[in-house]
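Consider the two complexes below, in which chain A is the common component and chain B and chain C are the respective partners.
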Partner chain A sequence: MGVEIGHYALVLAFCTSLALAFLPALGLVRGRGFGTTFAPAVSLARPLAVSLCVLCFCACAMLIRAFRASDFSVLLVWQHSHSQKPPLYKIAAMWGNHEGSMLLWVFVLCLFALAMAYSQRKPSRLTLLSLSVQGCICALFLAFVLFFSNPFARVFPVPWEGEGLNPILQHPALAFHPPLLYLGYVGLSAAFSTTVAGLILDDCSREWAQKTRLWTLVAWCFLGAGITLGAFWAYEELGWGGFWFWDPVENASLMPWLLATAALHALRSYMVRQILLVWAVLLVLLAFSASLLGTFLVRSGVLMSVHSFASDPLRGLVILLCVSLLTTSALALFAWRTGGKNTKPPPSALPFFSRESAQLLNALLLSLCAGLVLLATLYPLFFEFFTNRTLSIGPPYYAVVLSPFFLFLLAVLGLLPVLGWGGSSRARIRRHLIRFAPVACGFGLAFFLLTRTSATAAIAAALGAWALLGAVKTRSAKDARGSALVHAGVGIVVIAIAGASLTDVEKFRTMREGDRVTLTGPLFSESLELQELFARRGVNYTERGARFAFVDKSRAMLSPSRRVYPPRGLETTEAAIDRSLLRDIYVTMSREKTRGKTNDSEETLSVRVQGKPLMFWVWGGALVMVLGGVLSLLSPLVTLKARRR
Partner chain B sequence: MRPRRGWRRTQRLTAVVVLLACVGIGTAFVLVALRENVVFFLVPSDVVERLAEGRVGDGRIRLGGLVVEGSVARDSDSGEVRFVVTDGAARVAVRYRGIVPDLFREGQGVVATGTLQAARVEGTSSEPLPLLEAEQILAKHDEYYMPRGVEKALKKNNLWREQP
Partner chain C sequence: MRYSLIPLLAFAAVVSFLGYFFLPELMEGKKSMSLRRITESRMRATPRFRIPALAEESVTNMAVMSDSVLTSQGSPFVVNFFASWCQPCLAEHPLLMELSDNSQVSVFGIAWRDSGDKAQTWLRQHGNPFFLVGVDSDSKAGLEWGIAGIPETFFLDRSGTIRFVHTGPLTRESLRKGLEAIKVNPNL
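For the complex of A and B:
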């Protein structure tokens, strides 16, 4: 019964979204002649947004209910759930698959429509029109969910037991990673709608800038949190010890983040100095287009990726059509409107050493980086299409191509406290350099002497410290506190990544009980002793692992293991991680029955111990960045007018 | 004193030339980086074909195929794993030092990234096989996963069976 209610709710939601797409816009058109808006159509905007959101919520809730009740008559539940699964993961299974995750995607879209409708006491023309645009996007994707990936499809005869969720997805970080990431991806839709509405009205005013900045910032925070959580999950659960693999799907989340970051900077410049308007508009449009592209790449299965769900060519084609329709129409509108009397900013001089040129550089380089990531993400696709040969781009490409730009941006970031709006004196810059550059260089040198790895890592660490110092030095107006915190987070993350990924300390051993392994790296030296092998039963898995103790008994035991999940007989590696502020010790193991040299069936225990210096600060720095974003969301915005007073 | 018109023109020209040079160098740089880091996806038949053409040390490759049943052996002293990968037509041996991923098992799809070695090794049926020294072994999240190239090759060799 609940499943039918969910399905009906979805159909009604589609109708509602169509109404939302047309009515507010119609009200505006009708109202133009009278100088006011056409009241009946306009007053419906809010109720429509509310009912759209409620209906979508109802559909999601009914799907979750089916998952909780393990209603295997629903195809999706049967394919992706199991009666033995812990309750949290039964709920998380709702978005652990194609159909369910698309439903969640659409729900978040509606959620933002609601937020847009109530972001103002009385909806302005801009808000009404952006609601219409948002309604269009909702209708498009609701139609996709209804007609091409219906999550409520039934299966008959009803199976006894579900097939089980891919056990690798059974992890708390992954339970929350998709919703957060979607809030980020889809949050950009609100900024997109507002910008499209602004372009249609040919009115990119302060109201437009404030609204767009608000939605972009909200999305940016969620996106950052979602990406971090995804990286954290990869680190904990994949058992490779890395946290970022330049997987196409990771790239798909990184591109909107880069573009949104650039858009935020451009919007700020526009609000303070009336510059970079065209950049801001374009970047906002591109950011949402990138997240749509990401949805296409992830959900269509065109890319060979560890994330992509089973592919279905028709679905991929339909998503691609939706994506290209939205993107091209927005860009066409942009091309038509830019240079119009209201979209064109007054010309202003751009002093070389100034905040303005730093902002321009930021927009330029970040969008360039996004473009380079896009190139490498799509290159294999095009290559395969034209030559029928499959290839992939190795991670070194990204390191080589992106690091110069990032390092350059970091260098500019450190100068920020002395780069004022409208230019700053060279003496100030010189003083800042003399005071802080030696500290950063010293840090880099110390880093190099300690880790003795690559010069690139040391340079990155030095520049990270330089950016951190710059952020700490910034003691300006209230509205800059958030951004200073974000910039400090950037510095921390860069130093941590230089430590964690460029310094590789690892040992691979086959061990027996009583064996010891010693791992020596920068800032740490740890000996581990294999104490015992164990086997136990978990909630819905069996586990075979090994217990390691630190020889100096300073820290808790580590028990890496392998889990087997009965429904499909799948195995996962559970890494054991000992965290501290300076390093992580990351232990993974496997126990296999193999044919050895002497005995035909002997069990070997292979152990991989990795030392990850400063790993903790990758998460710490990312958290600081997100908190900084939240802080600037909460703090009042000081715009040009307020500053002139 | 205002700068002369000719001077301004030279200045503008210089700016354009410098900009073009930067863009050119940047593009060249990116293309070189792209080319150096391209990893071709091959199935065992492709590898054999390549070897027949005398191209061995052709950079890193990504080998995809099915792990041959009964071919996985782990040397307990060095911790090396050896196995044979097939696409139905040809076979390639893989050597890897490390922990294999969760979904790695006999009869299942696997993708190994590494370099082809000049030496040939004894396979399970005592024929010399090409050897791939792997740095990374991947199996996918989903157990129904089959590398697309392998799917094509298997279908060609009539070894494809639909997953349940």
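For the complex of A and C:
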């Protein structure tokens, strides 16, 4: 019964979204041109947004209910759940698959429509029209969910037992990673709708900029948090010891993030100095387009990836059509509005050493980086198309191609406190350089002497420190605190990545009970002793593991293990991690019964022990960045004029 | 030429390119298109490559692995990409051991992005199912074979043509399918 209610709510939601798409816009048109408004249609905007949201929520809730109750008569539940699964993961299973996650995607879309409707006491024309645009997007994707990936489809005869969820996905971080990421991806839709509405009204005014900045910033924070959580999951659960693999799905989340970052900077330049308007508009449009394209890439199966969803050509084509419909119409509108009017060039050429040129550089380089990531993500397809051979592109490409741009941006970032709007004197810049560059260089040198591994890491660390110093130095004007915090976070993350991915150490050992392994890295030296091997039964898995103790007894025991999940016979690696401010010790084990050993009574264990310097700060820095985003969300932007007053 | 049209054109180009991949598949009404496309495009002769091999771990003491070494067998064979750092590879390992013990087909291993020492230690620990183990430390062979990730297993027939590819840890079913594709009695 609940399933039918959910299905019906979904149908109603589709109808409501159609009404939302047409009525507010109609209200605007009826009142002669875009001048006045037609009250009845307009006053319906808010109730429509509310009911859309409630209906979508109802559909989601009913699907979750089916998962909680393990109702295997629902195709989706049968395919992706199992009666033995822990309750939290039964719920998380709702978005651990294509149909369910698409429903969640649409729900978030409706949530943002609601937020847009209530973001103002009395909805302005811009808000009304952007609600209409948002309604269009909702209708498009609700139609897709209803007609091409219905989560409420039944299966008959009803199976006894579900087919289980990928046990790799049974991790708290992953349970919350998709919803957060969707809040980010889809949050960009609000900025997109506002911008499209602004273009239609041909009024990209201050109100537009404020709104767009608000939504982009909200989305940016969620996206950052979601990406971090995803990386955290990869680090904890995949057991490879890395946290970023340049997987197509990861790239799909990185591209919108880069573009949104660039858009935020361009928007700020526009608000303060009335420059970079075209960039701001374009970047906002592109950011949402990138997140749509990412959705397509993840779901269509065009690209093979660790965690892509099952593929179906029809579904892929329909998503592609939706994506191209939205994006091409928005970009065509952009071309029409900006091309005709010969947007006026900035009053005078930008001074070379100024905040403006730094912002322009930021917009340019970040969008270039996003383009390069897209190119690399799609390159295997191009290559196959033209040569009929296949190839794969890995982390080395990204490291080589992207790092120069990022390092250059960091160098500029460190100069930020002396780059004022409208130009700054060379003497100031020189003073800043003399005062802080030696500190940063000293840090880099110390880093190199301590680790003695790679010069690249040292350079990255020096530039990270340089950026951090710059962020700390930034005067704490009320509206700059948030961005200073974000920039400090960037510095921290860069230093941490230089430590964790470029100077890490690892050892492989075959051990018996009582054996010791010593790991010596740049900032630490630890001895571990294998104390015992154990086996136990978990909720829906069996586990074999080992307990390691630090020889100097300074820290808690580590117990890596391997789990076997009966439904699919899948085996996962549970890494054991000892965290501290300076390093992570990361222990993973492989199966302990080894072939070819004559003496079977003595159990041995092959382990991989990794030491990752500064790993903690990758998460710490990312958190600082997100917090900075939240802080600038809370503090209203002050224009240059207002500040001088 | 309006510069503001550039984003539109660029995006349209990308989208139509992606769309191109779908249309023919859709016309034919085939189901799992991407898999079929990938498998079909890989139905080709053994890629040319030449990498060092672990002589001590091989049956024949050969120190080189190349396409001609593989095809000179004159019988169907299996090529498995693995690495000592790859956890999923451990999952499929028992199946490979079983395959090499029970079947006539020779299994070649390529240690992808791995050092010879580590691969050797790994094989000594877990057992060596391979006839010959190549070491592809800089992914030269991986690039030629066009692997999508490891573990990945190629099934080649007598003439050295790739007949079946499985990405990810082998399962009993995929192994049987692969062996059927190269006309070997699975015997598992």
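Rule of thumb we're sticking to: the second predicted complex is superposed on the first by the 614 of 645 C-alpha atoms of A that agree within 3 Å, B and C clash if a C-alpha of one lies under 4 Å from a C-alpha of the other, contacts with A are read in each partner's own complex, and residues count from 1 in each chain.
We adopt the following convention: a contact is a pair of C-beta atoms (placed from the backbone, for glycine too) under 8 Å apart; a residue touches a chain by one contact, two chains touch by 3 or more.
Note that the structure is predicted; figures quoted are calculated from it, not measured.
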item	value
Superposition on chain A - do chain B and chain C clash or fit	clash
When both partners are placed on the shared chain, which of chain B and chain C touches more of chain A	C
Touched partner set for A:T510, first chain B, second chain C, both or neither	both
Which of chain B and chain C A:F334 touches, first, second, both or neither	second
Touched partner set for A:S324, first chain B, second chain C, both or neither	second
Partner chain in contact with A:S606 - chain B first, chain C second, else both or neither	both
Touched partner set for A:T588, first chain B, second chain C, both or neither	both
First (chain B), second (chain C), both or neither touched by A:L314	second
Partner chain(s) touched by A:Q531 [first = chain B, second = chain C, both, neither]	neither
Touched partner set for A:S392, first chain B, second chain C, both or neither	both
Partner chain in contact with A:T573 - chain B first, chain C second, else both or neither	both
Intersection of chain A interface sets (partners chain B, chain C)	239, 304, 306, 389-392, 394, 508, 510, 570-571, 573, 588, 590, 594-596, 606, 608
Parts of chain A lying in touch with chain C, wherever the complex brings them together	238-240, 278, 282, 285-286, 289, 293, 296, 300-302, 304, 306, 311-314, 316-317, 320, 323-324, 327-328, 331-332, 334-335, 338-339, 374, 378, 381-382, 384-385, 388-392, 394, 508, 510, 570-571, 573, 588, 590-591, 594-596, 606, 608
In the complex with chain B, residue positions of chain A that touch it	166, 168-169, 239, 304, 306-307, 309-310, 372, 375-376, 379, 389-397, 400-401, 508-510, 562, 568, 570-573, 588-590, 592, 594-597, 602, 604, 606, 608
Chain C residues within the chain A interface of the complex	2-5, 7-8, 11-12, 14-15, 17-23, 25-26, 30-35, 38, 41-42, 84-85, 87, 90-91, 97, 118, 121-122, 124-127, 139, 142-143, 146-149, 167
Interfacial residue positions of chain B with respect to chain A in the complex	29-30, 33-34, 36-41, 60, 62, 72-79, 97-103, 138, 140-144, 147-149
